[in-house]
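Next come the structures, one after another.
In the two assemblies presented below, subunit A is common to both, partnered first by subunit B and then by subunit C.
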Partner chain A sequence: MTDHRDLLRATPSLAAVLAIAGVGMGLVVLTSFGLMPLVGAPEASLAGWRLSGTDLLLGVRETLVIATASTVVACAIGLAVGSLVLAAGPGVRLVRAVAVVVLALPHLVGAASTGLLLRDAGLAERVAGAAGLPASAGWPRLVGGPWPVATVLEFAWKESAFVALVVVAALGATHVARTETAAALGATPWQRWRRVLVPASLPAVGASGLIVFVYTVGNYEVAWLLGRAYPEPLPVLAFRLFTSVDLTDRPAAAAAAAVTAALALGTAVVVAVLLPSLARALGHGVGAGGSDLAARAGAAR
Partner chain B sequence: MTNPRARRTALVAAVCAGGLVLSACAGPVEGPTTQASGDRPWSEVLAEADGQTVDLWMFGGDDAGNAYVDDVLAPAAADLGVELRRVPVADTGEAIRRMLAENAAGRTDGAVDLVWVNGDNFATGRQADAWLCGWAEDLPNRQYVAADDPLVTSDFGVPVDGCESPWHKAQFTFVHDSARMDDPPTSLLGLLAWAEANPGRFTYPAPPDFTGSVFLREVLYATAGGVEEVPAQFDQAAYDDLSPALFDRLREVAPSLWREGTTYPRDEQELNRLFADGEVDVTMTYGPATLEQLVAEGTLPETTEILTFEEGTVGNASFLGLPASAQDRAGAMVVANLALSPEQQAAKADPSVWGQFTVLDLDLLSPAQRALFEDLPASTVLPPYEELSENAQPELGSGWVGPLDEGWRRQVLAETS
Partner chain C sequence: MRARAYAALALAWFAVPVVPMLIWAGADRWTAPALLPQELGVRGWQAAWDAGVLAAGARSLLLGAAVAAIATPLGATAGRVLGWGRGWSRALVAVVMLLPVLLPPFAVSIGLDVLLLRLQVPGLVATIAVLATFALPYCAFTIGAGYAATDRTVEDQARALGARPRTARRRATLPALRRPLLVAAVLAFLVGWSDYVVTLLLGGGQLVTLPVLLGSAASGTGNEPTVAALAVATAVPPVLLLGAVVLLARRRTRSAVA
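Up next is the complex of A and B:
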């Protein structure tokens, strides 16, 4: 019964999402098969997919590298920052305020700032040079280099604030009771963090990590500003082809957009299904007796 | 998963879909290009234009160009009863996409009344039959433009057919810092050899960036053995014959480029930044008028100079195009005509205003009108147009652009990255 009511309540928003995203995706797929050309008559064809075949594969690889690395780093930093906030030590308000400010900044501003900071002859290299470090001789290629370092750092910097706030929101109400109980049971601060906070926050980290991953897969501007010209992640590939002066490139652009969406949706569905058991499994893995302590601490509230 | 952030996941798909939904409403427009009623008296056009608001979509990253339109052209248009609004875009393609979507939907009340355009963007509009044609030759001030000037009758090999009105001329220009380069090369092949002798000091923007794309065509002329060896219109046999030498040479020079050619700057602005930071010694531009301002504001050093090549460089003209979907057509024609007037062309050619080269033939002007140009102060950075355009090479047809860009991507970028 509850399931039915939940479904009923969700129907309006589901319908809106399906209407907008579904119609859009339908049109993108039709375009990728040459059925909705901007000029000329519609003609079913795989040309769009063939045209960008190699680029698509390289694009998937590049996108996965960026998204996976960004998600892992963002989750790790986010959990650490979230732990700091939950520890309620001095300066907590400041950490929380900084996280909110970081979250409010558009990615475009973040990407431009990261570029100014990390590129060759950027602020970091100049500061390093002024400090007497031998930076100017071989500043690492962080922007536009062989590895998407700057792209990943920008995503990780901004999304870690998001992960931290989700962790704080998910645990905030129950955290004090849990840690107090764990402390009463004789857990050291390290044990309280490893065996109580980490397992309890895993569902929140997993869910926000999934959002970070899916968002990163579809983001265009950060990789465009900070990445190299080749190979391109899928959104950059799609945008370049979509804005090509040759209108016959549109099917290839649509193919790249369709693969981007499939990658994001596929990951979302798989992770959403697996997340509960994944969190349980990871929770068990956090030290022997960790989950037991967490369960007892949880039961005590 | 109900967090709104999750909805951003299909960002690119949504961007694509948005354009497609608009364009899907009526399907592609077929049939002959729309003709303007160019035969009616100009006074009627002026009367109709009175009170109209013309939206001019143009690249917004050129401060001098923005200032010219806002402070010089718009007030003059206001005197004729036309309000001129500048709509800045990061890339002219944005205006083209908007116009194509409106045209495909069969609208005649479109938001784009005029576009600063040329080359492949113009060709894209022609491909989709989205320009209003046959009006530009009837503008009264057209009398000052030489009828046989190839730069204004054809735009990258695509016949203009009165679908756009010339605005100014441009010359592709290589720029170096004379303080850093003792013995500058005098030809394009010489420049590539210089790059090999000075590893890491040269690069070019990655096509399909506009500037990088022109650079490719310049190198094609050079490796083919001259302009006359390359047919102006794209031809697959000629491409198959000529492109291997081009891509071989660029692959060969790649290890000597900035960052060993494993990556390239994205656009002209990025190359200018590398040049200004002293990371490379040469930059290049199709808009040399911007150099004056870049030097004046200190972005580029005062020792910035033009590299002059014996074989010349390519030249083109840029235009004001009128979309078939434009709402204020009469007003747009009045603005295009005003922009062609000797007074406006002279004002725009002033290096302290914008410094753009005129499309007018000075021999067709009255002595008083000619004096407007003769009295202009000389640029501190640029030589006069006559000198800059010496041995000017014609632009290749727009059909070459796509295959060359894609060929470079596959055969140079993919193999040297």
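Up next is the complex of A and C:
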């Protein structure tokens, strides 16, 4: 009975999500088929899909490369940092505090500063030059070059903090007892990490990795600032077409947006079907970033 | 020794990307290949001031506050089902709340644009509504974790002592959830504060927040001090807010102990 009353009370929040996210996605599909024009009568057409055809395919490839690489690097570094914090050695309180700060910074700030770090004549090139690294080949084009190095590093930088904090939040309570038991059974530090911590953290890493993947698929500003001009990842392609002076580009923009959403949603559905345990951990992963902020806020306890 | 080295490595990984921003924000001239600026100064801050950094900051602050004011109470109602609910009602809320996590905000904004124009919804209202929707899951799951960690019988006991349902919720349950509610509000604020693309798409260019100023400066070239000053101005308030939350929680814990 109480459950039903609680559900009733939650109706406005469910309605808000379904109205805004649901209607928004429905309309993006309609717009892509010419059924929701800014001016004039609706007319079903595939023009939008045709217009962005090749760019759309290249955009999917670019988006997948960026999202996959960012997720892999963020998960690897996030797991390493999370393990370090859980080991509770010297300096880890500072590492954890800095990870929380990184989590709170906007991606746009990270992208702007990463640009100043990695582009030609950026700080990284100056430091490399001062360290006497051979400059004969010139500084590689990390920003706007053929490989999305700066874009991936920016995503990995901020999202590794998220993965690390989710791992810490998920394992924090049980970690000490688990590793002490393993140590009592004679496990070396390496075995404790490899056979105890890594398997126990996999659901947290997997769930946060999925959130990172989906987020990087749909992010606009990082690749826009740090990526190359062509081919563009889907969000950059969609935004450019949407803000084009030519109104006939709007269905093409909507097509790119619909494909982006399908890519993100499709990945999550496939993962949920193939790995149900990961799907259960997903909700926890979304809250765990917040839970860790809560833990941090209560650190004096 | 090795643990210290790993901690230093982790700190370097998180700190190095923001170093150029911090140096450039205090540099007037810093030509390559010099490792340090040739001239220190506030040229970037003057340019940021001329670009309207103060007004943009105030708009960002209000946007973040409005998003938090809407998403936190809404998220609390969903969080109660996530934390205390069972069976299909909990599963339903979890699935619906995951939608905004999975869908790209820019795609939803592109879809809603024509409808909002036809309904003549002001850009500011549309931006707040969409951002609050995208902040909802973070609030719901954070507060849900708070409910899950709170003993449900607290509310039942208040009821048994004669409190009405609303009073029991307000006087028995809410105080126990103070911390997750505060964290949820901070997360929702950060969604509004950090947003770039939704503000740009639905704000119609009228809603110039700090990220909008920063994005426009960062896409240009030759204005590094300005970009750095705007980036610092965008980065500092969230960090101060986090610091304030930590201090507030610490003081509250101390006064509770005393």
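Here, the second predicted complex is superposed on the first by the 256 of 301 C-alpha atoms of A that agree within 3 Å, B and C clash if a C-alpha of one lies under 4 Å from a C-alpha of the other, contacts with A are read in each partner's own complex, and residues count from 1 in each chain.
Just so it is clear, a residue touches a chain if its C-beta (ideal position, glycine included) is under 8 Å from a C-beta of that chain, and two chains touch if they have at least 3 such contacts.
Quick caveat: nothing in here was measured; it's all calculated off a predicted structure.
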First, second, both or neither for A:Pro146, with subunit B first and subunit C second: first
First (subunit B), second (subunit C), both or neither touched by A:Pro251: neither
First (subunit B), second (subunit C), both or neither touched by A:Ala264: both
Most subunit A residues touched (candidates subunit B, subunit C): C
Partner chain in contact with A:Val28 - subunit B first, subunit C second, else both or neither: both
Subunit B versus subunit C as contact partner of A:Ala207, first or second or both or neither: first
First (subunit B), second (subunit C), both or neither touched by A:Pro231: first
Which of subunit B and subunit C A:Gly40 touches, first, second, both or neither: first
Touching partner for A:Gly59 - first (subunit B), second (subunit C), both, neither: neither
Touching partner for A:Val17 - first (subunit B), second (subunit C), both, neither: both
Shared subunit A contacts, counted only where both subunit B and subunit C touch the same residue: 13, 17, 20-21, 23-25, 27-28, 31, 36-38, 121, 211, 214, 217-220, 224, 235, 238-239, 242, 253-254, 257-258, 260-261, 264-265, 268
Subunit A to subunit C touching residues, read off their complex: 3-4, 6-7, 9-10, 12-14, 16-18, 20-29, 31, 36-38, 77, 80-81, 84, 87, 89-92, 94-95, 98-102, 104-117, 121-123, 125-127, 129-130, 153-154, 157, 160-161, 211, 214, 217-221, 224-225, 235, 238-239, 242, 253-254, 257-258, 260-261, 264-265, 268, 282-284, 286-291, 293-294, 296-301
Contact footprint of subunit A on subunit B as seen in their complex: 1-3, 5-21, 23-24, 28, 91, 93, 96-97, 100, 104, 120-121, 123-124, 127-129, 206, 208, 259, 262-264, 266, 277-279, 398, 401-402, 409, 413-414, 417
For the subunit A and subunit B complex, residues of the former touching the latter: 13, 17, 20-21, 23-25, 27-28, 31, 36-40, 120-121, 141, 144-146, 162, 207, 210-211, 214-215, 217-220, 224, 228-231, 234-235, 238-240, 242-247, 253-254, 256-258, 260-261, 264-265, 268, 272
Subunit A-touching residues of subunit C, taken from the complex the two chains share: 3-4, 6-8, 10-11, 13-21, 23-24, 32-35, 74-75, 77-78, 80-82, 84-87, 89, 92-94, 96-115, 117, 129-130, 132-133, 136-138, 140-142, 144-146, 179-180, 182-184, 186-187, 190, 193-194, 196-197, 201, 211, 214-215, 218-219, 224, 227-228, 230-231, 234-235, 238-239, 241-242, 245-246, 248-250, 253-254
